[in-house]
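Multiple structures follow.
Across the two complexes that follow, subunit A remains constant while its partner is subunit B and subsequently subunit C.
Take a look at the complex of A and B:
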């Protein structure tokens, strides 16, 4: 084996230009597929992070109740006192089960309302946040005007800059908000614009923020009640597992109904937009108490993940096509190699080398060229990704949602690299196999005469 | 036991629609330790006979026994093993592996067999062979950096690496000047004496033939003369 390895390795250096061309072609394929994998990995990570910030957490719990008149009301009345579990309620007990996984636990309410200032009005997602009990929230906002409200500012409003522009409202102005209560009644609240903030990546998803207790009053959920419980996890990859535990512990809608609900509204906030008022059809079974729905960041990401999976498959197909073209070159090269080294093969066979060992030398040589190309391709890909990740892109476009602080980021999954290398190696060996087998089968007497 | 027994061997090659009778019924015996020259002009069948003794080619009819083994009908793997264990080869064009240096070329046969020779023992034996053929100062050189005579010395050392019973040399001096040719044959003779290895070489040069103990002369695929210059073959 040592002798074969030594010969195969040194043979790669015999025709340096030819080896460089083959390895170069292979490295181009590796470069393309690695950068594409890195791009989809990076964008996927950025979107997940942006969505986590936007929605607020990794696992989202919403609750629905049924009134006597069969109205479905979005509300959670169970107590989960100040982020700590163990309040004796079903929700508190369920949360206690996964307490070790939870980094932060936030109560939110969210509704789609109409903000009115003078003759202007805009529709806006209004999110109630307990920023007194959630002290990390306000400092996380990027202010563009005004100042962060203090704990006493009960009706403070924090608006995305675009909404403030459309309303032509300035800091300190009074703004009316028309919202629907959880039972579908119209209600009007009065807010004072405290600050404007930068848009989140996608303007349409940007929320206005108000105090949870004041919004609770407006939407009529009652003091201490809320609509959504958001869990930030220490390890976001555990989101599905945590959700499973919660689903097992909490009363939830039957599977078929859950599927219908999922299809009807944005994930994470089922029914919360537009007042969330609907009536239970007469043919459906009513329920008592609160019924919970648990969704995760993975559910939110599912469609995007599907898209990235398709992109990964497309890049893999491109890679295989590029490699297949390259492998035609490998086959031809090794046919030439067979003719060039036929006497050498005859000598090795005469000296006592078995056919399999001759074949192995050819295959090892192809493997070395493949690995050389792969290594070079990975280095090129790393350099390309480094350069691309240093470019700062326009921060005012929706593209921002896919970026990290205005920059492209790349995350190459090690499994993809391993898969690509395995495919590359397999194709290299396959391409060299037929010439290798032919070389091994040439009778020594024929090979020593210099013909194949 | 005879090292080689060739009995009524014929070899016919197809050539288009005709046939070439390269060897037309040859018989001879080579004893262990012999230093044999197969002499004859070009096309007399020397290389064909050496190839058949070396299990590189097989006779059309007749039998070839190498160290008592009838080589007819052997599977490729068994024949390859026989070549590796019993035979050494020296070629007219040296046929060294160009990407290996002198030491690695000599060591090469020791790395490809089933038997594993310990590294230290292997290195010692290879160094001894290189020293014996006078290439001590060139052990790290590749074939392209050596003269024709030096390359053939490497080939001789490589042929002896596996301690074979028989070394076959096909026109080992054909590509060398007369002075170097004599040195190479003398070296082979010395190796024959030192290691007791049977040497069978083909040549068409009369001066080289004269050095052999046992001469088999061929003409048109037939043995025309066979004689020994020494009174008794070596024990």
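Take a look at the complex of A and C:
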């Protein structure tokens, strides 16, 4: 066996140009598929990170109530005492069940309003944050102007820079906000621009931040009430398990009602993207108290993940097509090799080498060429990804959502590399199999005469 | 037969000179009910062509033409956009408490609310249905005053539920005829958001409807919308008009 390996390895180097051409063709396929796999892996990771930052957490709990006139109102009135569990409410008890998994717990309210300054107006997601009770929030923002507001600044407004530019508003200016209450009534808030910040992702999804208690007043939820509870987990992979525990503990909508039309925006953006305040249809059963909806970062990522899976499949198909074309070359090459080495085969057979061993030498040689091409392709792919990841792209575009600090990142799943190598090896062996079998079947007497 | 019964263009606050006297002997709820009765068609239907001219200092002037069908007994209306071409076929179908918006591009209906803005103008969807002042509001104060040459009651109204767009309203109502000439629409924090003028009315069938409405945005400088109604009719409308199928058919 070792001898066959040695012969096969030596044969690989006998026609260096031919081997280099074959390995080069294979390496091109490996380069393409590896870079594509790395790209989808990196983008997927960046989107997940951006969404986690944008929405704020890994598990999101929202609550809905019905008014007497059957309006569906988005509000959570249960207390989650100071962010800790055990407050005695259904929500606090449910959160207590998964307390060990929670790294951070935030209360938020969120609405789509219109910010107005003079004759200019922009539609903007406005997010209420308890930045006194959530001391890590303000320092996490990347300021581009102004200063972080103090705890006493009740009507302070922190605005994404692009929104401030469109409004042509400066720090210290008074900005009006036209918002709807949770039942859809019109209301107006007066804010003072305290600071501008960098976009947190796609411009359209970037939030302006205000104090939770002031926003609660504007959207007409009570003091201490909020709309969303965001959980950051120690291990984001546990998001689905945590959601299952919460769903089991909290009153939720029946399964069939949970499948609703996608609002198109981050979870818990009531009426933000065309939904408006809705009313429970007359033929649907009303409910008492708060009904909760629990979603996770995986739910939000589901559509994107599907897209990346399709991209991976497409890249795999391209890889197989490229390899198949290359393998036609491999078949022809090995047919020529058979003719070139016919006397050699005859000699080996004459000195007692079995047919299987001859076949094995041919197959091993094909395997070596395949592995050489794979190795070369992986090195090229690593170099290409390294160069591409050094490029800094314009961060003032929606592309930013797919980037990490303006740069492309690549993450190649080891399973994809293993799968690609297995396919490559299988096709190489398959391509060499017929010439190898033919070589093995040549009688020694015929081979020694120099004809196959 | 359409008969114009009142005209007034009241665009400046200088025309207003309220005489600020309490009118405690007025039955406010009866007055509100009378306004509702006049503005409601009862068992008659209503058809009109709406022309909306929206002025925005940033966006410029936009003109929208729509056909309106209304049936107050069923709390139903349908507004189909005719012009501009890019919005042609869009529809607002009200069926009782539900209001649907139809997008001909996606061929889908989506739920919307009477409280939302109509086509990004200063009008609200609720401005196109019947009025229910007596049901939706209660008066905090009532004063006698004048608005231009008209003797009016000035009503300070507060919503009785969260079903209306504006929680607070100030209305100038003619003492004779009970026509609403002007309203100021206030937010929940009692900030003036919109001033509405109704300078022109017409009798259509058994109802009296404003044929010109001007909505001035009090938050965005220089933004306003003027709505004119023409081709008014109280003729019966087929039941099939107030259905989703009709809206879809109208787009074929």
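Simple rule for what comes next: the second predicted complex is superposed on the first by the 436 of 452 C-alpha atoms of A that agree within 3 Å, B and C clash if a C-alpha of one lies under 4 Å from a C-alpha of the other, contacts with A are read in each partner's own complex, and residues count from 1 in each chain.
Here is the rule we use: a residue touches a chain if its C-beta (ideal position, glycine included) is under 8 Å from a C-beta of that chain, and two chains touch if they have at least 3 such contacts.
Bear in mind the structure is a predicted one, so any value in this text is a computation, not a measurement.
On the superposed subunit A, the two partners subunit B and subunit C both fit, without a clash. Vertex at subunit A: the C-alpha centres of subunit B and subunit C lie 150° apart in angle, rounded to steps of 10.
Looking at the shared chain after the overlay, A:67 reaches subunit C, while subunit B stays out of its contact range. Look at A:406: by the touch rule set out above, it reaches neither subunit B nor subunit C. Shared-chain residue A:344: touches subunit B; no touch with subunit C. Once the two complexes are laid over each other on the shared chain, residue contacts for A:186 go to subunit C alone; subunit B is not touched.
Applying the stated contact rule after C-alpha superposition, one finds that A:120 touches subunit C and leaves subunit B untouched.
In the overlay built on the shared chain, the residue A:353 is in contact with subunit B alone; subunit C does not reach it.
Shared-chain residue A:151: touches no atom of subunit B or subunit C. Using the contact criterion defined above for the overlaid structures, shared-chain residue A:289 touches neither subunit B nor subunit C, since it reaches no partner.
With the two structures overlaid on their shared chain A, subunit B and subunit C come no closer than 70 Å at the level of C-alpha atoms.
Contacts from subunit A toward subunit B in the complex involve residues 1-4, 6-7, 10-11, 13-14, 343-344, 346-355, 357, 443-445, 448.
In the complex of the two chains, the subunit B residues touching subunit A come out as 51, 54, 56-57, 76-77, 80-81, 83-85, 89, 91, 93, 95-100, 104, 107-109, 111-113, 158, 162.
Taken in their complex, subunit C has these residues touching subunit A: 56-58, 97-98, 110-113, 115-116, 159, 161-167, 185, 187-189, 191, 193, 219-223.
On the side of subunit A, the complex with subunit C involves touching residues 67, 69-71, 116, 118-121, 176, 178, 180-181, 183-189, 217-218, 220, 274-279, 281.
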